[in-house]
Amino acid sequence: MLAGVGESGAGTSPAAVELTGVGKVFAGRSGEVAALAGIDLTVVVGEFVTLIGPSGCGKSTLLRLVADLTEPTAGTLRVNGKSPRQARLDQDYGIAFQQAGLMDWRSVARNIELPLELRGWDRRRRRQRAVELLELVGLPEFADHRPSELSGGMQQRVAIARALAAGPRLLLMDEPFGALDEMTRERLQAELARICRETEASVVFVTHSIPEAVYLSDRVVVMSARPGRVTRTVDVELGERTEEIRGAPEFFAKVTEVREALRGRRGAGSVAEGAQR
Amino acid sequence: MTGASAEPATQLAVLGAGPEPARVRRLRGRGWVRAARRAAMSAIALVLAAAAWEGYKAVGSEDGGSLLGVRVLPRADDASMPHVWEILRRFGRPETAGTGSHSVAVAVLDGVWFTFRVAVAGFVLGILVGLLLAVVMQRFRLAERGLLPYVVLSQTVPLVALAPLVVGWGGRLRVGSVSWQPWMSVAVIAAYLAFFPVAVGALRGLQSPPGHAVELLRSYSATWWQTLLRLRLPAAVPYLIPALRLAAASAVVGAIVAEISTGTRGGIGRLVIEYSREATADPAKVYTAFLGAAALGLAAAGLVALADLALRRYRPVQER
Amino acid sequence: MTGRVARVAAPLAVGAAVLAGWEWFVTARRIRPYLLPKPSAIWRQITLNASDILDAATVTGSNALAGLVAGSVLGILAALVASRFGLVNELLIPLAAAVNAMPIIALAPIFNNMFSTTSTVPRRLIVTVVVFFPLFVNVLRGLTQVAPIHRELMHSYAASGWAFARKVRLPNALPFLFTGLRLAASLAVIAAVVAEYFGGVQKGLGTRITSAASNTAYPRAWAYVAAACALGLVFYLAATLLERLATPWRARP
């Protein structure tokens, strides 16, 4: 059901994201920094993949490469079968960052409408879509409020709604819940899981919270730092995500497995990926 | 982003800005390159300005240009707009036709020196008043509420319009045993313009220590005075530095404007007025006086920038 | 005292106390008018000369307004150009900083020579020059200080340069523009009044102040000064009102 490296989803939909031998080197003040080296990764359509690892392992850089916010120094990337730049120009993905980044001179609804304005949607259609999405993220009454009137969690929900606005098949999220408290995080995780199920989008998600990674993903990609590499991939098959699942023994087992992977120890029954450190 | 070019912006925005970030960047390596580039650009800008002046003279009409019947472009003849080199030459020649008259350059320098000293007096007075106000406003919340609006208001309204009236104090007022000199009026006006940035900046600085720092001192049973000396004043230093820069610039400009408004003798402002009266006969002279005043303003700004540079290593490192 | 009430009451109380103290001080110590007239005498002169004051204020006010508009337009245009072309930025900023360090008022006699004596242009030109700098600097800051996250977001939307300018840079720069405008509004009135101290045919507040002073009618001179202050206040409040209307999203303390 889930593809590992090299399997090309025979006959069915192509990979949403495909990285081969990707590397990124930054020229710093005191020499070069290899943020990423030899990354091979495939995200199948409809899959929720999380990148997890310690600070400096390059997970955010990897996401930015996919989003064409920066360019690789080695290897090839294919997003939706195209180059990242083309995918960006064709607007094939939606992105959400750690900060909501809402524009405070626009109302909540108009913030969500921003990508649609840029695509030339007419006013009525935009408004309709914004209302739809606000329902989806549970903020229907806040359409005409100012972002400054919303709490951090609510702003982040609006940012996610904005990322979904044009109905992208690929979602890129860089620690979107990082700045929130634990309770809000768990609530938003549940909503995100629901939304992704309903829209069947592929997701590349970056986090450094293990429970979050396990809760949300079909597959957790564990990375290590200096240079950033993929050390292990953990398949998570927990079925439909409910609140009860957070207390289930299978959940804890997966969390432990990911934790062990992060520490560089092999657990039982996991699939080893890529080069080991 | 706008690192070097943020200088004037921070000056103006000191009202809204926090402390100046402690840039512990020394002038070496890249720093020198940036400073040299900035100096080169300033020189080029100056040359371009002079070229524009001469260019306008070359193409402009003798009667100036009109827009909708109103003359908005100045006359381009030599009487209204002397050539740049004529102005520069005028510096070397004698001030008046009389015998024993100094050159214009000497007269202008004398005037500049006089105004500079008065501006310094105003600067010092402004600092004292500003600090006093800030301390009082910090101590008494009610004082802050009652006085701060007026402090802000003092700069939004043209109180400097009082200048001609204040000059009337010269020779007729005695403060203690000292008779009021006309230059004191100028110093007072300069102080009036200078105290505002100091008051606002110092107040922000005195209020800047976070709640937990104040509570720490309270737990040591420190008196308000001790808290002021040991916590608030040191915390205020990063806020004071940009404020002092602005105050110095304001003091100089204020002194010159006050001199011009009151006609006080001895300073560069007076020279501007005197020379402008002879403008029809001697057009280049009034420009020399203006350039002297402009140079004073620039020199003051430069001095303050130098002082800021020298003090940089003593500024506490602030974390945002 | 509750916050809001105290915030209005305290300055009013201070103002009233100062006026009362001033009145008492001048009366009790028999201070001569040429040093400091009584508030009551000043008030009397205000009411006596009300229509003259209004006329003079209109003249000065129109000078200030004309210069404010001209200087703002020029400052905004310069900022737009400077934000687009880095080289212009590097040239204009030192020039603008230098101009701001100079006593621009000292240009008044020079401008009087450049233009005919009956023109209002010299004074309006001084105001324009004074207003230009705060507008230029603040609008430039607003245009260049775009939050990196907004930049990246628009890049991820493959937005054109024009779309980015229209949807992000311009609205982002508005609050900065109004900060500059508030400052410039006060400066405009100050410059308009002081510029009149240099001759040229004019009937504004500045001239009235100097002529009243030279006629030793000091309470009347102070009355005109009070009118000048009121004019400055009006300009400042108008700018603040404009700001609230144009940038309703700004959080007010």
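Letters A, B and C name the chains as they come in the text, with residue numbers starting at 1 for each one.
Here, contacts are C-beta pairs under 8 Å (C-beta built on N, C-alpha and C of every residue); 3 or more make two chains touch, one makes a residue touch a chain.
Computed from a prediction, not measured in an experiment: that's the story for all the values here.
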Can you tell me, using the touch rule above, whether these chains form a line, ring, star, complete graph or other shape? line
Using C-alpha centroids, which chain lies at the maximum separation from chain C? A
Report the inter-chain centroid distance for chain B and chain C in whole angstrom, where each centroid is the mean of the CA atoms. 17
Can you check how far apart chain A and chain C are, centre to centre, with Cα atoms defining each centre and the answer in Å? 51
Which chain B residues reach two or more other chains? none
List of chain B residues in touch with chain C within their complex: 1-2, 5-9, 12-13, 16, 37-38, 41-42, 44-46, 48-49, 64, 70-72, 74-75, 79-81, 142, 145-150, 153, 155-165, 168-169, 172-173, 249, 252-253, 256-257, 260-261, 269, 272-273, 275-276, 279-280, 283, 286-287, 289-290, 293-294, 297-298, 300-301
Flag every residue of chain A that touches chain C in the complex, lowest number first. 67-69, 88-89, 91, 93, 95, 97, 99, 101, 103-106, 114-115, 117-118, 146, 148
Please give the residue numbers of chain C that touch chain A in the complex, ascending. 147, 149-150, 152-153, 155-159, 163, 167-168, 171-172, 174, 247, 249, 251
Chain B-touching residues of chain C, taken from the complex the two chains share: 6-7, 10-11, 13-15, 32, 34-35, 89-98, 100-103, 105-116, 119, 121, 133-134, 137-138, 140-141, 144-145, 179-180, 183, 185-186, 189-190, 193-194, 197-198, 205-206, 209-210, 213, 218, 221-222, 224-225, 228-233, 236
